[in-house]
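Pasting the structures here.
One chain, chain A, appears in both complexes that follow, with chain B as partner in the first and chain C in the second.
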Partner chain A sequence: MNGAGPVLSGIAALVYALILAPIVVVFTLAFSADNFILFPPSGYSLRWFQALAGNAPLLSALGLSVQVASVVTLCSLLVGVPAALALAKGEFRGKDALTGFFLAPLLLPTLITGLALLLFFTPLRLTATLPGLVLGHMTVTVPFVIRMMATALANLPHDIEAAAATLGATPWRVVRRVTLPLAAPGLIACACLSFLLSFDETVISLFIAGPRASTLPVEMVRYVEGRTDPLIAALSVVLIIATLIVVVAVERLVGVARAVGR
Partner chain B sequence: MSATRRLRLLLVPAGLFVLAIYAWPTLLLLRNAFNEVGPTGALVAAWSLKTAADTFADGFTFELTWNSIWLSLVATAIALALAYPLSLFLFRTTSRWRGVLAVIAILPMLISGVVRVFGWLAILGDRGLVNGLLQWLGLISAPLKLVFNWTGVTIGLAESIMPYMILALLAGFGQLDRTLEEASRSLGASPFRTFLRVTLPLSLPAIVLAAGLGFVLSMSAYITPKLLGGGRVFVLATEIFEQATTNTNWPAAAVLALYTLVLLLVLLAFSNLLARRLRR
Partner chain C sequence: MSYLELAGLQKRYGASVAVDDVSLAVEKGEAVALLGPSGCGKTTTLRMLAGLVEPDRGAIRVDGIAMTNLPAHKRNMGYVFQSYALFPHLSVAGNVAFGLEERRRPKAEIARQVEDALALVRLAGLDQRRPRELSGGQQQRVALARALVIHPSVLLLDESLSNLDAKLRDAMRHEIRSIQRSLGITTLFVTHDQVEALTMCDRIAVMHRGRIAQIGTAEDIYERPATRFVAEFVGRANALPATRGPDGKVLLWNEPQPVTAPASGEFDVFVRPQRMRIVPLSEAVGAETVRVSGRILRSVFVGDHVEVLVEGAGGQLTVEMPSGSPALAEGAEVAVIWRAQDSLPFPREAP
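For the complex of A and B:
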């Protein structure tokens, strides 16, 4: 008994249609010539892309999101990778408990984390600020980086590092010249995913972003709450294509790097 | 200083971060549940159970609980009914496109929730795809109300939790022993009978875990009920946000958040226990 069979394949095709439907509809709607959401559109144009290019609040929110996501990615790697290295290479008591502690933020829904951060940040005047948003997003990205990099580092071939150490390299030199270069593809993929996680983070941002500093997802939520026209569809197309480029680039980069490593 | 000692120093930045930006705020949330709000709406620091008592004396809290649980049950059931055959297909297919198909199945995870909600507005709205099609076919004269109500929220929620459930199901199917299915077929059972008597019972632990995950994600989802509900759908998640931001009633928000968390923990414990029982 090999393969999936015609009945199962048929059902799967239907489910795929359902999964892809919202995406296909958004792509069609982005090129609509209508003033409101009408499907199928009565005509096609690029007017909503032009409207997007002239929409100051969305563009400034996009700028802030890119800024926040860049800082978040850098800080998460600086905080997370050393911890991942210690967890992957170290042998000490309480390692499992410590791993659990580091990954704990992934257990609570962001709805609860967002509320806790609002209560914490308000007296410190960190709400609606760049540092506040960065710290808030890092509650998601730091555990993510630790989990991903601890696995990646633990799976690296042990013998090369051992050889370097035998040949007299100091532990720090082994990490810098052997471990990190070997882990480079994983690091790049991890950085890209952290960027995407921060860029798409909505619920925590909704709690701690004020009208003065709103990220792109927050501004999009506000827009959709207020009116329904195809502008958000045009923006979505831009975002989906950008995401896909990042994903494919990572895949290529990691794939090529791995091929060279072999 | 020994190498292990030095290695342990690498844990310090991450440890401090989790303590300061996660553990401490979570304790603050717990502390806030015991505060009160005065008659003027001002926050009063206290150690009392007044906010909790007020919250649970309010019939609205139980309406919200019921709404959240019912919505999550229906969304999880729909998502499971769709995710199960898809996961089984992905598990069994020998197509060389399997990798691409798996990525497409979890694609919604990689796309912003707001974008997907917008897609559903275009599909289910008054002038959307479904209503347009039904009117063109002459099946209805006035558009059906499919969004800004429970129907829209349920559909949107089911779609948003599906990728996570597919991943959970695929992980669970890894333990499925294909030789048992082959034995059943070679002993003369029809494919359908084999599915019903062998495949389904064997994958029951995976189903329970995936359903538990879907339920937890539905209970804590905010964006979908908020945007597809159009302000007419009230669940625990929307009320927590409302109390925290619009009403700035932090003690009430904290009580509701902790209450939701307890509900989720009870459910998770139950589904894990059930999955372990079934695996034996």
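For the complex of A and C:
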């Protein structure tokens, strides 16, 4: 048997259509010439893209989000990769307990994490600051990085690191010359996922962002609460295209890393 | 004192003992095989030697220097892994240079030594290839060159030929042996293949259930197996159940035989199939010849020899005869004879 058969293919097509339909709506609205959200639009223009270019609050929120996501990615890798190395390669007591502990935040609803962070950060004056947002987002990204990298490291070819050790490489040199180069595809994928998770993070941000420091998703939520024009649709189109570019670039990069690596 | 010494090595994993009291002395330049079935502890022994597995007990010395507590990267041992474990992100030259780079040798010297090592394993010209662009045999040679280029104190080979096809394995066997001899490098070779052990090594240590059952030359192991396991594992053997007659004489297949019995207990007599001959029932035999009689069940031509299955009062046995011997009719009543000294009595094991 190859192929899924007409019924299964039909269902798959329907599901895809349902998933993609809103995107089609968003794309159409972005090019609307109307003052309100009206589907289908009565005319088409680029006026909402022009409006977007002049909207200072959204643009500054975009700037902050990129900044936060970059710092979050860097810090998550700095914290998560050594932790994943220790969990994947090390032999020590309480390893399983520690693995469970690191992954626990993934199981917690972000609503609860957000509330807890708000209560915790307020006395420390960390709310609505860059360090506060970074720490808040890291509660989501670090467990992901640890999880993904531990899996990537555990799947490295058998005995490769032992071979490096018998050739005279110290444990640190083994990591630098063998483990990390071979885990490069995983690292790149991990970095991108961290960036997107942080960039997209809304719930925790809603709790700890403020007028002084607001990320793009928070600013978008606020905007649609007060206004009903297609500006957000135009912004969404910009974000979708930017994400697509990143995904394709990563796909290329990881592919290249794979080709060099394995 | 020997060049390489293992003394009372032991390794447990939970309740099971992987290696139990292994002691071995290897002279400089000698090649010794650790031969045994899978799970006998031979690879664990090799890994303890390389510092990849920590022994629970025992000591390792090379040239009088204690190695037991040294980490793997300080032991200077060349290890060729069963999977080769080449670095996929480095070229062939990069793989071979790895150990020298870790030793911070000058670039020019590294380049020269890598070239020499690749020439030694007949891979000159392939230095810029990636491991995945090489055949299995070529990958094996890279792994060997990588292990040899660091001038290791001991070369450790872990089932290094088992991933190659039969023809290539034959060629590599001789090649590795001649490289090992010409460099005079002390070598430990783990294998489950007795032909590899017999052809590549000066001495063989047969391992069984985490212990060394017997150490000796290929001839010792084959001709004078120390235990029932060694007799069964190395080469082929017929096991004939023996009984004691009323006068204390040994009976095989209900016929009294000139075989010396152990002092007590039940036992079987082991005989190599190629030491047996098939003769007509009427042929007279000397006093030092064992003789049992039976009927030919089957006769199979296997190329370089003919395997004949004979059934008698005590069960079945296989006789190996040179091909070209006169054909034997199935069902014919014959006698099977061998010299008494070729009989190896071993106590029967509880099933």
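What we mean here is this: the second predicted complex is superposed on the first by the 258 of 262 C-alpha atoms of A that agree within 3 Å, B and C clash if a C-alpha of one lies under 4 Å from a C-alpha of the other, contacts with A are read in each partner's own complex, and residues count from 1 in each chain.
Everything below uses one rule, namely that a contact is a pair of C-beta atoms (placed from the backbone, for glycine too) under 8 Å apart; a residue touches a chain by one contact, two chains touch by 3 or more.
Computed from a prediction, not measured in an experiment: that's the story for all the values here.
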Clash or fit (per the criteria above) of chain B with chain C on chain A: fit
Touching partner for A:Phe36 - first (chain B), second (chain C), both, neither: first
Partner chain(s) touched by A:Asp159 [first = chain B, second = chain C, both, neither]: second
When both partners are placed on the shared chain, which of chain B and chain C touches more of chain A: B
First, second, both or neither for A:Val250, with chain B first and chain C second: neither
Contacts of A:Ala234 with chain B and chain C, given as first, second, both or neither: neither
Superposition-derived angle with apex at the Cα centre of chain A and sides reaching chain B and chain C, degrees in steps of 10: 100
Chain B versus chain C as contact partner of A:Val68, first or second or both or neither: neither
Shortest span in Å between Cα atoms of chain B and of chain C, once chain A is used as the common reference: 9
Residues of chain A that lie at the interface with chain B and also at the interface with chain C: 171
Residue ranges of chain A in contact with chain B within the complex: 1-5, 7-9, 11-12, 15-16, 18-23, 25-26, 29, 36-40, 78-80, 82-83, 85-87, 89-92, 98, 101-102, 104-105, 108-113, 115-120, 135-136, 138-139, 142-143, 146, 171, 196, 200, 202-203, 206-207, 217, 220-221, 224-225, 228, 232-233, 236, 239-240, 243, 247
Interface residues, chain C side, partner chain A - complex: 50-52, 71-79, 81-83, 85-89, 98-99, 102-103, 132, 146-147, 150
Chain B to chain A touching residues, read off their complex: 3-4, 6-8, 10-11, 13-15, 17-18, 21-26, 28-29, 32, 82-83, 85-86, 88-90, 92-95, 101, 104-105, 107-108, 110-123, 125, 127-129, 132, 159, 162, 178, 181-182, 185, 191, 216-217, 220, 222-223, 226-227, 237, 240-241, 244-245, 250, 253-254, 257, 260-261, 264
Residue ranges of chain A touching chain C (in the complex, touch as defined): 157-160, 162-171, 173, 177-178, 181-182, 260-262
